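I have placed the structure first, in the form of C-alpha cells, so that the comments after it can refer back to it.
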Amino acid sequence: MIYQLLDRLDQKFHFEQAQAHCDIPCGIYDPSAAQIAALTVVRMMDLMAQLASGEDKDNVTFHNSMERYVAVKEEHAEKVKNEIRVIWGDYFKKDKHPNVDDLVFRIMQLGSKARQTADRDAGLALVDAVNEFAEVFWGTKDVKIKKAKAPYAPGLEMVYPDL
Amino acid sequence: MIYQLLDRLDQKFHFEQAQAHCDIPCGIYDPSAAQIAALTVVRMMDLMAQLASGEDKDNVTFHNSMERYVAVKEEHAEKVKNEIRVIWGDYFKKDKHPNVDDLVFRIMQLGSKARQTADRDAGLALVDAVNEFAEVFWGTKDVKIKKAKAPYAPGLEMVYPDL
Amino acid sequence: MIYQLLDRLDQKFHFEQAQAHCDIPCGIYDPSAAQIAALTVVRMMDLMAQLASGEDKDNVTFHNSMERYVAVKEEHAEKVKNEIRVIWGDYFKKDKHPNVDDLVFRIMQLGSKARQTADRDAGLALVDAVNEFAEVFWGTKDVKIKKAKAPYAPGLEMVYPDL
Amino acid sequence: MIYQLLDRLDQKFHFEQAQAHCDIPCGIYDPSAAQIAALTVVRMMDLMAQLASGEDKDNVTFHNSMERYVAVKEEHAEKVKNEIRVIWGDYFKKDKHPNVDDLVFRIMQLGSKARQTADRDAGLALVDAVNEFAEVFWGTKDVKIKKAKAPYAPGLEMVYPDL
Amino acid sequence: MIYQLLDRLDQKFHFEQAQAHCDIPCGIYDPSAAQIAALTVVRMMDLMAQLASGEDKDNVTFHNSMERYVAVKEEHAEKVKNEIRVIWGDYFKKDKHPNVDDLVFRIMQLGSKARQTADRDAGLALVDAVNEFAEVFWGTKDVKIKKAKAPYAPGLEMVYPDL
Amino acid sequence: MIYQLLDRLDQKFHFEQAQAHCDIPCGIYDPSAAQIAALTVVRMMDLMAQLASGEDKDNVTFHNSMERYVAVKEEHAEKVKNEIRVIWGDYFKKDKHPNVDDLVFRIMQLGSKARQTADRDAGLALVDAVNEFAEVFWGTKDVKIKKAKAPYAPGLEMVYPDL
C-alpha cells in the first residue's frame, strides 16, 4: 500500500513529526502563513497612509477604501497571533526552547499594537518578530534558512527555509 | 454627557482597565467563557462514553450523535485555547506575573490533548488549569474568588469571582 | 467507570438537564456570555463617544479606532442575539414560561437597535433586558440570583447566579 | 442622482421596507435561504439512510461520507434557525402578527430535533414549518404565493412567491 | 422505506443530480443565494450614497452606519463570488458549457470591483452577470425561467425559475 | 514620509502589483497557502488509512480521531479551492493566460474529489495541480521556481519560488 511506502520514506528522511505535541497530530507546521499575514499588516498601513494623504476624505470612496484596509489589517494581525499560538502550543517542546515563550508573548503584544494603530513601525516590529520566530522554528527542524525580499509589496526582507 | 459621568464613576471605583495592554483596548476580560468551554469538553467526553457503552454502534443515530459530540468537543477545546490566549496576550503585564507563561503553555497543551483523546482525565486536567488561570486573573484585579459547583452537568467545582 | 459515578452525582444534585429541549442535548446553558456581550456593546458606545469628542477626526488613527469599535459593537450585539436565541429555542419549555417569547423578541429588537445606533441608552436597555432574561433563566433552575456591579468597565449592575 | 431616481421608484412601487424594524435597515428579507437549507437537511438524511443501508460500514469511505453528511446537516439546520431568527427579530412587527412567535419557536425546536436525529420525519416537519413561515412572510408584503416541487432532490413541495 | 420511494420519485421526475460533479454530492444547487447577495450589494451602495448626501459626516452615527454598509457590501460581494464558484466547480460539466468559464471569471472580477468601489454601475453589472449565470444554470436543468422585479428594494429585474 | 520612500522602492524594484485586478488591491498573492493545504489533504488521507488499518474500530478513540481527520481534510480541501479562486479572480489577467481557466476548473474538481473520497491518488492529483498553478503564477511575476521536498510529512515534491 502507498501509505506503508510513505511510512518508510518518513522513517528514512527523519521528518521531525513532533507527534507528542501537535494537535491532530499532523506534523505540518509552517510559519509562512504568519509571515505573509504580517506583511499584509504593513501593506494595509501603507495603503491607509496613502489614502489619508489624499485631499478628499469625505466621499464614499474614501470611507469604502479606508474601512476595507482597516478590516483587512485587523484580520491579518489576528491571523498572525493565531498561527503563532498554534505552532507554539502544538509543536514546541517547552524544555528545549526556554526563550520561545518570551518571543511568542512579544508577538501577541505586537499583534495587538498593530491592530490598535496604523503606525508602520508597529507593523515592521511585528514582521521582525515573526521572522525571528520562523528562524527559531526552522532551527528546531535542522532546516537552514536564508533571507530574501518578499516577491510582493511591501517587499521586506523575510526568513525562508532553504530547501 | 452620560459618558463623562461614567468616566468619573470609572475613576471613583478604580476599575483596572489595563489600557496599555488590551486589544481594543476595552478592558472587558473574563475567564468565564474559557471555563464554560472547558466544562463543555468534559461533558462531551461523558456523552461520548455513554454513547459508546450502548450496544448498537452501527446505525445512523449512533454516527449522528458521535460526530456531533466530537465536533462540539473540538470547538470548545479550541475556544478554551483562544480565550486564554487573548487574555494572556492582551491583558497580562509580563513583568508582574512571571509564571503565567507556563500556565498558559500548559493550557495550550491540555487543550490539544483534550481534542486528541476522549479521555475524561485529560478534560478534568484542562478544567483544573483553566480554574487556576481564573484564580490568577481575578487576583490581578483584587477581586476575591470563591469555589462552587457549576450549576449544570458535569457539575465540577469552579472558580468564580466573589462579587 | 467515572461516567457512571458522574451520572449518580447528577441524580443526587438534581441538575435540570432539560434533555428533551436542548440541542446536543448537553445541558450547559449559561446567559453569562450574552451578558458580557451586552456590556461590551455599551463599552464600545462609550469608546465611540470618547473618540468622537476629540478634535482631530480626519487622521488615520481616528478611522482605525472608530472602525474597530463599530465592528466590535456589531459582533457583540449579534452575539447577544444568537446566545439568547439558542437558550430560548433549546432550553425553555414553552408551556412553562409563557412570557419568555416577548422578552426574547424584545432582546432581538434591542440588539438590532444597538447595532444601528451609537446611542448609549439603547445599549443600556439591551443590558437590562439580558439581565431580565438571566433572572428568568436561573429561576427555572431554582438557582438564586444576586445583583452586583460587573468587575470591569462600564461597571453596570448585573444579575449573577448566587452559587 | 441615480439614488434619488431609485428612491422615487421605491415610493411608486410601494416596497414595504420595514425600516423601523430591520437590522441595517436594508429591507432585503427572503425566506428562500431557510427553505433551501431545510431541504438540504432532508437530503442529508436521505443520503445517510442510503449509506447506512449498504453493507460495508467499517471502511474509510463510509466514515468519510457519513461525517460529511452529518456536518452538512448540522450546518444547514443551524442555518434554518438563524435565517428565521433574523427575519423574525428584524422584520416582523409584533403587534400585527401575534402568532408568529409560536411558529418561530416551533421552527427552533424542529431545527434542534433535525440536528439530534437522522429521522426523515423530523426533517419533513422542519420543511413544512419553514414553508408555513414563508407563507406568512409573503402575506405581510401582499405578495401572492404558489406551491411547486423544488427543482432538485428531495423535490418536496415548497412555497414560492408568485412574482 | 421512505428513501426508496424518494429514489423512485427522483427517477420519475428526472432530477439532474450531476452526481459525478457535485461536492457531497447533494444535487441542491440554486443561484438564488448569489442573486440576493448581488441585490444586497446594490442596496448597500444606495444606502451609502444616501448617507453621504446628508450634511453631517463627522458624528458617530454617520461612521456607525457607513461602516456597517461597507461591511455588509463586502460580505455579500464575497458571498456572490463564493456561491458562483461552488456551482461552477461542483455542478457544471466542462465539456457541455464551454462559455461558462468566461462568465464565471467575469463575475469574479465584477465582485471584486463591487468591493473596491461604491459605484452603483459596478453593482448593477454584477447583478446582470449573476442573472445571466442563473439563466444558463436553469437552462442546464431544462427549467424555464421568467423575469420579474425583486419584491424588495432595489427592486431590480431578476431571473427566476418558472416552477 | 516612510510611505513615499516605500513607494519609490516599489517603483525601483518593479513589483508587479496588478492593481487593476486584485481585490483590495493589495498585491500580496501567494500560492503557498493553497500548496500547504493540499499537502494537508494528503496527510489526512494517510492518517485515515493508518487508523483504518488498525484492529479496533468501535471504540471512542477511533471515532474521535477519524472524525477529526475527515474534518481537517474537508477544511483544507476547501481552503485550496478558495485560495486558488481568489488568486485567479483577483490577480490574473484573462487575456494573457488563456489556459489558466482550465487549470483552475480542474483544481476545483480535484478539490471536490479529495473531499468526497479518502483515496490518496485523488489527493496527490490535487497537489500536482496546485503545484502547476504555482509554477504558472510565479512565471507571471518573472520569479524563478525550484522544486524541493516539503520539510514535513507527507514530504512531497513542491514548487517554491527561488528567491
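We just call them A, B, C, D, E and F in the order they show up, numbering each chain from 1.
Methods note: contacts are C-beta pairs under 8 Å (C-beta built on N, C-alpha and C of every residue); 3 or more make two chains touch, one makes a residue touch a chain.
Being a predicted model, the structure only gives us computed values, none of them experimental.
The minimum number of touch steps linking subunit B to subunit E comes to 2. For subunit A, the chain with the farthest CA centroid is D. With respect to subunit F, maximal separation of chain centres occurs for C (centres as means of Cα atoms).
In the CA-based superposition of subunit C onto subunit D, the rotation angle is 180 degrees, rounded to steps of 5.
Centre-to-centre, using mean CA coordinates, subunit A is 17 Å away from subunit F. Centroids built from CA atoms put subunit F at 26 Å from subunit E.
As a whole-number value, the distance joining the C-alpha centres of subunit D and subunit F reads 34 Å.
Subunit A and subunit D have Cα centroids separated by 40 Å. For subunit D, the set of residues that touch two or more other chains comprises 24, 49, 67-68, 71, 115-116.
Viewed as a contact network, the protein chains fit none of the simple shapes, being neither a path, a ring, a star nor fully connected. Annotation, chain-chain contacts: A-B, A-C, A-E, A-F, B-C, B-D, B-F, C-D, C-E, D-E, D-F, E-F (touch as defined at the top).
Per the touch definition, subunit B reaches subunit F in the complex via residues 48-49, 52, 57, 66-67, 70-71, 73-74, 115-118.
On the side of subunit E, the complex with subunit D involves touching residues 1-3, 6-7, 9-10, 13, 15, 17, 24, 26-30, 32-33, 36, 39-40, 43-44, 46-47, 49-50, 53, 68-69, 72, 120, 138, 141, 143, 146, 148-155, 160-161, 163.
By the touch rule above, subunit E contacts subunit C in their complex via residues 58-61, 63-65, 67-68, 71. The touching residues of subunit A, when paired with subunit B in their complex, are 21-25, 81-82, 85, 88-90, 94, 101-102, 105, 108-109, 111-112, 115-116.
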